[in-house]
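Consider the two complexes below, in which chain A is the common component and chain B and chain C are the respective partners.
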Partner chain A sequence: MLKFIGKRLIQMTFLFFLFLSLVFFLLQAQPGDITAQFLDPTIPAENRAIIAERLGLDGSVWTQWWNYVTNFITGNLGVSFQQYPRSVIDVIAERIPRTLFLFTFATLFAYVLGFSLGKRLAWRRGGFSEHSVTISGVLLYTVFYPWFAIIMILIFSSGLGWFPINGFLTPELWRNAPFTGNEVFNQLLLSLGIAAVIFSGTMWFARRQDERSTARLVRWVGYGSALGLFVLFWLTKAEMRPFALNIVHHAILPIVTLSLIAFAGTMLLTRGAMLETLKEDYILTAQAKGVPEKDIRDKHAARNALLPVVTSFVLGLAFIIGGGVVTETVFSWPGMGSLLLTATVAEDVPVATGALAFIGILALLAHLLVDILYAVLDPRIRIQDAS
Partner chain B sequence: MTGTQMRPAERNLGSGDTHPQAPILEVKNLVLNYEVKEGMVSAVEDVSFALPKGRSLGLVGESGCGKTSVALTLMRLTANNARVLGGEVILDGVNLLELDKEQMRLRRWADISMVFQGAMNSWNPVYTVGVQIREAMDIHWDPKPSASEARAKTEELFNLVGIDPEMIDRYPHEFSGGMKQRAVIAMALSCDPKVIIADEPTTALDVIVQEQILEELKKIQRDLGMSIVYISHDIAVIAEITDLMGVMYAGKLVEFGPTADIFARPRHPYTWLILSSTPSITGPRRQLAPLEGEPPNLLDPPTGCRFHPRCPFVIEICRTDEPTLTEIEPGHTIACWNYTQVPVTLSRGDE
Partner chain C sequence: MVIKEPDSVDVLSPEDPDALVHAEEELGESLWKVRLRLAWKAFKKNWALFMENKIGLLGLVIIVLFGLLALAYPVLRAVGPWQDDGIYDPVIGYDAPVQEFQIVATEAEVTDPTTQKDANTAQLWCFGAVPGDVCEIPLQPAPPSQGHILGTDPLGRDVATQLSFSTRSAFMLGLIAAVVTVGVATVVGSISAFYGGWVDNSLMRLADLVLLLPLIPILIVLSGLWAINLPLLGVLIGILSGFGGTAIVLKSQALSIKVKPFIDAARVSGGSNTHLILKHIIPNVLPLSFLFMMFTVTEAVSLEATLSFFGLLNVDMSWGIMLNTAQSQGYLRTGFEFWWLLIPAGLAVTLLAAGFFFVGRAMDEVINPRLRAR
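And then the complex of A and B:
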């Protein structure tokens, strides 16, 4: 497994530099002279040349490319034109946790909900509930996403007033706040991260228990301690709590909207995959063995139906990135998607390149994660790797 | 003598020997239909047979004759559109068809286990074979086996069926076809069932492995005193391993009796034709008699005897009245109006 991960990391590095070069040249190939757009035309020509040189805008495309790639390795992504003189890495570092937060949650909800509903649909095929849920799934799957997001805002924010209309925090509340938004946000992520690590650690440990009763105990200890630590974490940060709640309040509607859209596809796919696995001979074997119905559904059928669903996650990554731009724009969520959009529109080339590069890194990491997950879920793959 | 290469089971189960004790499994007047868009398919019609304890029984017939439907009814695993319209399946004194779902679930594998048709795919690919065998033990053993007990039992079973116990923690795809089938047999034995149903246990395997698996099954039956029901379209397999056999045609049992007797002298025209159409390697050379025609459409089975459109010995009554199973010798029953016309020797064709 380690050898496999190592091999993949090397491949990914290579792939990433190909991708980075492609992004660089694509943005270079755009019409227009950047220096002309950003530098005041009243500046004397010799001064303009000096500034252009400082920004690395002189020299041929090839030298610029070489400089960019070598600087990228050292972590220098240049400075933003739009927010001059902020460094690109600083801009991205501010945005990336927000996007990760939004999409990790939306993806988790979508897959957990979609999978568990999908397997139930396939299991009780033919009933009224199956038809109605399937039809709503198809509706959600095919709906024009930006329109759906606006409708959600219309209903839940402007109509019912449950959630803020847009944004990431309420400016009035934060005017004299002792913290910056990102400080609070990072604490939020940290506490969630700790809870997630404890949770998945105990799940892993529970699976290795031979006795079912021990496994159940370990699992409950896992749920309890993850939740307990999370609560404890925020009990010790009484001052920060209202601000954290404010951020969470803003995040709910985008997460719900994104989950609803993404969940439908997973649900329909799970349903289809389940219907296939239910025809397999090993399901009949399980029935003949006297395995309880619920275990046949979850342990035998759904466990196998999970494989194509995981594959779909990889294929769906492109949608997630594209959806990111739309979601963040509609909800004014200041993440990577909206950064990419504003940077592109404003021809802030260093930020746009940097944003694309980081989205690329995230996509590659997600691919790696799925590959590892796949090897864990399907024993047939693990063996092929070893041989 | 029979003119075929098949060896009937070695033990001589002469006529007087068929009722040594109360049967462990008894099927009485089983009627099963499948509900389809076009109507009702009469898949199993009035089938009765009994399996004495520690013996083996084979059901043979062509595809679609209802033999697998019978097997699945014994386990109550028939498809959703199957309707059992009548009859009883009595396993050790209990009518399985009267049990509720949960009671039946607990009896499966504990009392009656099954080696499936296409056992190659009987294993769930994502769990090790050991885990899947233990799953059955966890459900049916009382009390549940501890990890070491389960392992010891599985090792014992693996040794019994001739697999290296080291393979317990391996995944199904690491097993060869024959090994998978052996492991399925081991799993079928894991809860000490009273009866095992083997539905085409060797169909997907090559002949050499087929032979080994059959030997294994025979050994298990002999050594453990297991009662086994075999389902096969391969009459050679049935000849080799069963004490009793039933021949099914178009959902009906047409001949039933000791395997040795039936091979020595088939009395039903269908059995006689099947055996006549089978070439022999060791017997005298003879022209094969073909079995003309096709099995009937069971949506609308023929009136009278279901075999009459293909029967060379057909007489008037066959077209109108259904023959019932009649005992012509002790333990040997057939359903035919005109069996006295069936020749003593197998057909020599148009020689």
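And then the complex of A and C:
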């Protein structure tokens, strides 16, 4: 297992450098000169040469490439043009947790919804419900995202008034707040992280139990302790609670929108994988044994159909990141996606390329995570790895 | 659409051109006639399978309807009711239907906002109007009327003309992207499968990378740095999506062709590598490519709309630009009051993309025997 992870890590590092070089050459190939972009055009040529030398732009393309890569590794991505004295890495560090929050929840919801709907669709093939769910699923998959997000805002925010129209927090509430938005948000992430670790730890432990009744007990203890710790965490922080709730209130509609956009892909894929699994002999055996229909669907077919769905996560990831950029922008959710767009429109090249590079890193890391998850889920991979 | 069943390789199959030459001698019939008949036979069989799939049929109907909408533009501009360039040009046309408003004293007295305005607001159009007067106000954006069946946009341009005009460019973009994708993916997949070794390895690692990259962020940065127009965008989408997942799938298809006996036969009879790839591998990979063309069109249509919604593309008019105009002028945040600015453009993008996706899925079920209902 460790060998497998190590091998993937090396591959990922290689891919990352390839990607970084791509970003660099994209920057190189852009029309015009980066030194000329925000400087007085009347500067004499010799002064311009000095500026180029100071910025490290006088060497050959390859030395510049080497500088870029080494600077990137040491965390030096330059200085933002738009928010001048701030370094790019500082701007990005502020935005990343918010994007991770949005993506994690949307991905989780999209996968759970897509998987449970997909297995039901394959089970009841050909009916009216299959056609209607498939058609609405595809429509959500191909929907024009910004348009869909605007319609969600019009219905749920301006129409029904359930959620704020956009943004990350309500400025009026925060005017005299004793905390900054990021402090509260980090606490929120911390509590969620603790709950997630406890939850997955007990789930892992429950899987190793042979006795079914103990496994169930361990699982319930897991649900209970994760939820209990989360509640306890926020009970001790009474003064921070209304502010955290304010952020969560702003996050609900973007998460729901992104999940709705993203779930259909998983649903269609689960359906396809289930249809193939249902033709296997062991399904027929289970039916002949008299196993209840629901058990055949959930325990025999869906369990095996899960594997291709998990692999497809890579494809879904690029999709959800693209949808996330749009969702963040329309909802003014200040994450990486809206940073990328505003920086691009304002021609803030260091921030735009930095954001693009970090979105790439995010995709690569998630890919690695899925690879490991896949190896854990599929025993066949482990056997091959051991031999 | 010619799609062959993978396991029904008979002597007359176009998979083996040499066999066809023999067939020509034996049958005394010209080669193209035999080919045409075989193609027609395969087409009929697959068409029957396709027609069984109601969702695919729905997609086809949607595409045909959009085709008619695209055709409507040149026809109606030339001979129909949209002849006036000053009014009906999708980019520079202008028209503001005039509506009469009754002036009342205060805003509270307005009982019907479509025919009444308070004196204070009316000063903007009719200076010095007093309650009881009638004021003529040019509407911009104007709701649907007889002259403008879908109303006008915030700049006084006809929405229906814009919609119809943009359909044509959406089709054009989709076509370019699809052809480039299939071209790139077929060549990359065939070469990778045929040569194997380091060529295969490096091409596939590159494909892995492209597959991982989120398209929208990259295209946002690209279109921010360069002035990208529609054909160029089509080529870019084509290259990016052709190099990624499509190339990987087509490579595995080409691999299964490479081990077929007729490849060995052609090699023994002295065929060069180029000949083998061009005459034997690529023609057999093509049917599967058509499937990916459909998905690429879906992708290209939504990507173009998204990018031009953000105002990043160098295009005069498209569905995305229509929404961008309405959004930037502030007509989308007020609810569904200005529905003709919101619904037609967004629905057009969604439906056209879905139409191609439906057809792609139905074709997938025809090509992939494991997904068939029977």
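Throughout what follows, the second predicted complex is superposed on the first by the 352 of 387 C-alpha atoms of A that agree within 3 Å, B and C clash if a C-alpha of one lies under 4 Å from a C-alpha of the other, contacts with A are read in each partner's own complex, and residues count from 1 in each chain.
Here is the rule we go by: a contact is a pair of C-beta atoms (placed from the backbone, for glycine too) under 8 Å apart; a residue touches a chain by one contact, two chains touch by 3 or more.
Note that the structure is predicted; figures quoted are calculated from it, not measured.
*Asks:* Chain B versus chain C on the shared chain A, clash or fit?
*Replies:* With chain A aligned, chain B clears chain C, so fit.
*Asks:* Regarding the shared-chain residue A:Lys289, is it in contact with chain B (first), chain C (second), both, or neither?
*Replies:* First partner only.
*Asks:* Have a look at where A:Ala93 lands relative to chain B and chain C in the superposition and call it first, second, both or neither.
*Replies:* In the superposed model, A:Ala93 contacts neither chain B nor chain C.
*Asks:* Answer with first, second, both or neither: which of chain B and chain C does A:Val231 touch in the superposed model?
*Replies:* The answer is neither, since A:Val231 touches no partner chain.
*Asks:* I'd like to know which partner A:Ile135 touches here: chain B for first, chain C for second, both or neither.
*Replies:* second
*Asks:* Spot which of chain B and chain C makes contact with more residues of chain A, would you?
*Replies:* Looking at chain A, the partner in contact with more of its residues is C.
*Asks:* Given the touch rule stated above, what does A:Val345 touch, chain B (first), chain C (second), both, or neither?
*Replies:* After superposition on chain A, A:Val345 lies in contact with chain C alone.
*Asks:* Look at A:Phe19 in the shared chain and tell me whether it touches chain B only, chain C only, both, or neither; answer first, second, both or neither.
*Replies:* Once the two structures are laid over each other on A, A:Phe19 reaches chain C alone.
*Asks:* Rounding in steps of 10 degrees, give the angle chain B-chain A-chain C taken between C-alpha centres.
*Replies:* About 80 degrees, rounded to the nearest 10.
*Asks:* With the two structures placed on a shared chain A, what shortest C-alpha distance in Å links chain B and chain C?
*Replies:* Distance of closest C-alpha approach: 11 Å.
*Asks:* Do any residues of chain A touch both chain B and chain C, and if so, which are they?
*Replies:* Touching chain B and chain C on chain A: no residues.
*Asks:* Quick one: in the complex, what on chain A touches chain C?
*Replies:* My answer: residues 14-15, 18-19, 22, 26, 30-31, 125-126, 131, 134-135, 138-139, 141-148, 150-151, 153-154, 158-159, 165, 268, 272, 275-276, 279, 314-315, 317-319, 321-323, 325-326, 329, 337, 340-341, 344-345, 347, 349, 352-353, 355-356, 359-360, 363-364, 367.
*Asks:* Which stretch or stretches of chain C touch chain A in the complex?
*Replies:* Touching chain A: residues 54-55, 58, 205-206, 208-209, 211-218, 220-222, 224-226, 245, 298, 302, 305-306, 309-312, 319, 323, 327, 332-336, 342, 345-346, 349-350, 353-354, 357-358, 361, 370-371, 373 of chain C.
*Asks:* Could you pull out which chain A residues touch chain B in their complex?
*Replies:* So the residues of chain A in touch with chain B come to 210-212, 280-282, 284-292, 300, 303-304, 377-380, 383.
*Asks:* Residues of chain B touching chain A in their complex?
*Replies:* 75, 77, 105-110, 113-114, 116, 118-119, 121-126, 128, 135-136, 138-140, 146-147, 171, 173-174, 187
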